[in-house]
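Take a look at these structures.
Two complexes are shown next, each including subunit A; its partner changes from subunit B in the first to subunit C in the second.
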Partner chain A sequence: MDPEEYRRQYATEIAQVAGPDQAAMTAMEPDAAVALIGDTGTAVDLRLAAIDAARFDATSHPEVIASLLAVLGNRADEPAVRRAALGALRENTFRVAAFRQYAPDYLNTLRGILDDPNQQLRERVVEVLALENDEYTQRRLLDGLENPEVALVAPQRALQLLGYDLHAEHYELLRDFAGQDTDPAARNTALRLLAADGASADLFARILQDRSQDLGARALSGVALSSLAPAEFSSVAEEIVLDDTDDDDLRATLLTALSHGTARPERADLAERVLAHASTPELTRAAEQYAQAAPAEAEETTDG
Partner chain B sequence: MAIGLELTINDTTDQGGRYLTWAATPCQLRVSAPDGAVQPIPVTISTGAGSRGRLEFRMSRDGQAAGQLRAELPVDGEAVAFFVSGRFGSPSVDDGDTHIEIRNRDTGAVLSSVPVMVRIRKNANLLRPAERDRFLSAIARLNNQGQGLYQNYRDTHVDNTRLEAHGRHGFLPWHRAYLLDLERELQRIDPAVTIPYWRFDQPAPNVFTAAFLGTTGTSGFARFLPSNPLRVWTTDGQIGILRRPFFEPGTSAAHDDNGQRVRREAVIVGFRGPFSTLTGPFESNPHGSAHDSFSGHVSAIGSAVRDPLFFLLHCNVDRLWAKWQWFNRRFDPQDPGTYQFNGAAGTANATRIGHNLRDTMWPWNGDTRNPRPATAPRTPFPDSPVTHLPGPAPTVGSMIDFQGLGPDAHHLGFDYDDVPYQPE
Partner chain C sequence: MDSGAGARTASEDRVADVVRAVRADPEQRESLIDLLREDSPLYDGRGAGATARIRAWVIATFADVGLPDSGLPYVLEELESGREPLLVAAAARAVRGRAEPSPSLAGFLVRALRNVGDRDDTVTFEALRPRWPAQQPTTAAREILAGLRHVGVDAGTRAELVAVRSAYADALPPDIHQSLDELIGAAPPGHCCAPAAAARPEAGHPVAGRMSSPDIVWEDQDGARLGFDDFFLGMPSVVAFFYTRCGNPNKCSLTVTQLAALQRLFAERGLTGAARIAAVTYDPAYDLPGRMRRYGQSRGLAFGPHVRMLRATSGHLEVRRLFALRVGYTGSLVNRHAIELFLLDGNGGVAHTWSRLRWEPAEVTARVAALTGTCRTALSG
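For the complex of A and B:
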């Protein structure tokens, strides 16, 4: 395509598409925006429009940030306006240097929402704070795992959120969840988070080989074992991969771990033997990838 | 015995140099074995028959592009210089699927056919399955379940390094370097790979699938097919990618949990103001908005790189900047409309170190003195067989003219499928 002709076509497209949005690149006057954002007597759609217009350069205007924080923290205000204020603030946190002066007030406002009656906003804020590695929030999450009556979120979600800033002292708690079978979702999350815990290697090996276990837990255990104990994993995984009475998706996952994980593919005949009896496209595909990943020298040693 | 020719592409005869973009790439063609010829050999240089990509040729870097070139090759081995580029709109889909063909004009005989690749960053939603799979395999190998080089990228983009890369004018140049750094490491694993971009202002039904970047699982973790290498993705000693979109990726552009959508491409590219008034709003929206259209790892600076989607998102951010540069002709680093802070830190009217045109960028410069972060996980900047630029310690300014349009400039080895090369 001729670049000059392309430029002409693109200019026409821009003129047609961008028109109304272009004005939004220039923020609304801060005073006007602040007046609308904070006025609970104004229609919600007008206040949302004001937040929309003010958000683009909010860090340059402390009064805009202050009004967004005030709306966000006001439990009596409209949930949609509060969520929009959170969105605008979140967006501006990516302008790290400019936002730094507002960070303490922002975090304090968020912490105040951890007990907010609005569930949707509360759950969003729990994650935002967890992503900030906020110690107060981490403590609240741990408290909730020990005492469900004070839990901010369900156990599975609490574990996920703690995973943003996991510490070694959390491993014991995680092992407890990995060892129980009353909450499979929390158990699987715990297995994911324990993938660097050397003390859990035996647990992973047991789960992987136990056909009575949940398939998701077996697959996660296989992936974890492949990085924790590559040699042991290879041995166990090859046995399962060659067992055509075991689950095909699990076999395919283990082949993927062998070809793209830390445990290197060693048996060149493994793919060939799987392909001879593969009954699902995924198993076939995983075996083909294994064959491509297997080193050439391994092809000469087919017995194993 | 036949006439022997030697073609140098990107200053090398090695296969590693045979990767092209839309930008003019220097070539030299010479007779290595004249086979008894005593007169100059008349040749035509063109795209070989059956090529998937298309090529264009120029006698000078800013000359008129043509589908073929005529040259007279001296038999004494003196080289004829010319430039080759991929024809805009016709990239390769596989390694070596395009040929530079040299024919004897008198006899019509093909004297040489050299395989090349028009290697272009593409829209992830339009990738062929083989292109998609090569990218996934390469990035999974780079990560190696959290024990590979990918960890360096993870360590580079964390909370205590934010100020090097965010919040000021260097935001876009720094991330351009960061993407190129990762892409070069991927190309060491598979030279045909480029980073695809996720166009977040459009639906992407082919991106958020179990075969590519994953669907949304009920657990909050992305779900993958058993054969997808991301199925075993591990970072920080944890398995999986926590990600839940607030939008329906198959039918909607990205938006946050309140329906606030990312700013559209036309608004960014059509913005006529200088870079200094573009970069701030751009960093908030669409960049921040795109991150914030998910819950999970990708939604915060400190954890975003745990999700490989980060690189597709930022590839689109970089594409938008590149397209704005092309549409508004903003490639001259000294033009204040292209970049505001054209000095160095510590001089008059400078901004924070690392955000001025002549500043080198952390981590590639290895500078761990205050106010830089205490460690530098990626140093030096990786070299490439197609260019030695931007060098081991890139400056902010070295990221501006990525196509090598300026005097004595050279391309950086990447281009986008919808951003042409257009010399003045």
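For the complex of A and C:
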């Protein structure tokens, strides 16, 4: 009998005897596990069990890592087995020193999956690579935001993933998303990410002042502005807080931000004026909190 | 969606055009050098990843069109100090563009293997904006070994390769171990020889004339303010550039550590008080006094009136212009920089520059001694 065929037969017999007995599967020899993992003719649950058995000490067995990478990269293979292979590989990346020799092939395989037809697997891989700050993945995410036809994931998700390693070069695109109103989820994600961008202070001020804007976007803009430009925020927020025709929840949010901010409005009777006409418990509470709060100390800032 | 992305793609298209023209007529290879300047508008506003991708593609082109002397500093810089597998792979590949391969390059290639041996990645040079899966994948280690086969391995380099194989026994994949074994086996044996002296070409730096500017105001690591001339006139100065957010331990961290070694050498050679040492940040908005102080102290700098870390609280653009700094930015963040050290005489004139490749404290000390008139003591001490 051909040795390869013999090994495969032996592995299958072991797996069939072991069945769901995890202890027996864990004791499986790496060769036997490799034969099962890569055998697309074997039942999926047996292959999954073999992956589970092999994953624990995979970095000590290059043939196991190779079989997991082969399965992961094979578009014709069962999605469940491929996902399990990805999980096993990810687990082994935590053995940082031992996994180093496999990292180039691992990253190469992952990048090849960015265009995989299996959406679930693709989305997992996009996240793994985004966490690695992978330039190719970042480029593909940006391409997708500019041209939805080539998008790997939905805009909001793409923005979140870019947020793992945000560069100033992304800010312009984020401002574009922050300025649109066709995809509120993506817009709010963009606003959150822009909260660290000093050049976006004017944008936040405009959105905060514009009553035609979505309330969530206005609230996010207020919080971001309070951090980026405390003095400008204080001025804009005071105006809105005193306007009892504006949204009460937004007024309460801004009043709370003023309570904890470094720049308070000069008007001494702000809390009293709000309390005189407060129509919701949240606004009343925020005004009382503002009246009791002491001005926060200014943080160390740069003048360079 | 209207954004800067279109402009960035267009500028990449222009890079592709230049490279295509050079490939068609390799005599134009010098035009690639312009694409490697860190302060080129090409890199304005790009992230570090995109910057590395473009540079790597340009550098790798030297393998096919020939690597001229003017390109050698850029290649050796990556081999000596680079930590990004893509750029190191590109530099190792470019070595194969040398018409007359020199064994002296082997030392740089071995150092590159040490730099990326435990952080390698699969890379490709198929296109400026490659798609994956790559048709021709490679890794930094594979390119380095190909470079070593090209330049040849002498007995000294062989000994270093044996040490690398041992140090990275677990980090390098089996095929790299096998290639290393083949190189080691084919090299002349020997234990006594140092590797062939590494060629260290001067990168050249377009700085000349007297440094002075009323527009630049410094703040030091303790928050003290002073003008440009206050610190840089009256006696020789050694000026290095750094920033505390630099992620490459072979660059800014090593530079400041070497400044501390330089300070100790000054003391040994009687130069303390006769020359100043300054580390100036590329990132003045972030590198506040406390950050600079902790960064310098933890690397051995002993601050005093003649040894300071400085940030420009005004006139940072003027600093960049005056020193013609090899640094690029995306917003206020550095996306790429070279190693840069300047020796100024007591009038603010540039006496010497070291750029891209590492500098040796002993050589700097000797040049300072020559400027201060204590040449004999320093050189014989």
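Going forward, the second predicted complex is superposed on the first by the 198 of 304 C-alpha atoms of A that agree within 3 Å, B and C clash if a C-alpha of one lies under 4 Å from a C-alpha of the other, contacts with A are read in each partner's own complex, and residues count from 1 in each chain.
The rule is short, and it goes like this: a residue touches a chain if its C-beta (ideal position, glycine included) is under 8 Å from a C-beta of that chain, and two chains touch if they have at least 3 such contacts.
All figures in this text were calculated on a predicted structure; none of them were measured in a lab.
Chemist: More subunit A residues touched by subunit B or by subunit C?
Modeler: B
Chemist: Mind working out whether A:Tyr171 is in touch with subunit B, subunit C, both or neither, as first, second, both or neither?
Modeler: In the superposition, A:Tyr171 contacts subunit C only.
Chemist: Does the superposition put A:Leu242 against subunit B (first), subunit C (second), both, or neither?
Modeler: The answer is neither, since A:Leu242 touches no partner chain.
Chemist: State whether A:Ala49 touches subunit B only (first), subunit C only (second), both chains, or neither.
Modeler: neither
Chemist: Quick one: classify A:Asn133 as touching subunit B (first), subunit C (second), both or neither.
Modeler: In the superposition, A:Asn133 touches subunit B and subunit C alike.
Chemist: Would you sort A:Ala70 into first (subunit B), second (subunit C), both or neither based on which partner it touches?
Modeler: Once the two structures are laid over each other on A, A:Ala70 reaches no partner at all.
Chemist: Identify the partner contact of A:Arg95: answer first if only subunit B is touched, second if only subunit C is, both if each is, neither if none is.
Modeler: first
Chemist: Based on the superposed arrangement, let me know which partner A:Gly87 touches: subunit B (first), subunit C (second), both, or neither?
Modeler: After superposing on A, A:Gly87 lies in contact with subunit B but is clear of subunit C.
Chemist: Indicate the residue numbers of subunit A shared between its subunit B interface and its subunit C interface, in ascending order.
Modeler: Dual-contact residues (subunit A): 97-98, 100, 133.
Chemist: Tell me, which parts of subunit A touch subunit B in their complex?
Modeler: So the residues of subunit A touching subunit B come out as 1, 3-4, 6-7, 10-11, 13-15, 17-18, 21-22, 24-25, 27, 52, 55-60, 80, 83-84, 86-88, 90-100, 120, 124, 127-128, 131-133, 156-157, 160, 163-164, 166, 185, 188-189, 191-193, 195-197, 219-220, 223-224, 226-227, 249-250, 252-253, 255-257, 259-262, 282-283, 285-286, 289.
Chemist: In the complex formed with subunit C, which residues of subunit A make contact?
Modeler: 62, 73, 97-98, 100-105, 107-108, 111-112, 114, 133, 135-136, 138-139, 142, 145-146, 167-173, 176-177, 199, 300, 302-304
Chemist: Residues of subunit B touching subunit A in their complex?
Modeler: 88-89, 137, 140-141, 144-147, 159, 162-163, 166-168, 219-221, 225-229, 231-232, 234, 236-240, 242, 256-258, 260, 263-264, 266-267, 269-271, 273, 280-281, 283-285, 287-289, 291-292, 295, 297, 299-303, 327, 352, 420-422
Chemist: For the complex, give me every residue of subunit C touching subunit A.
Modeler: Residue positions touching the partner: 1-5, 8, 45-50, 52-53, 85, 118-122, 129-130, 132-134, 137, 139, 170-174, 219, 284-286, 288, 311-314, 316, 330-333.
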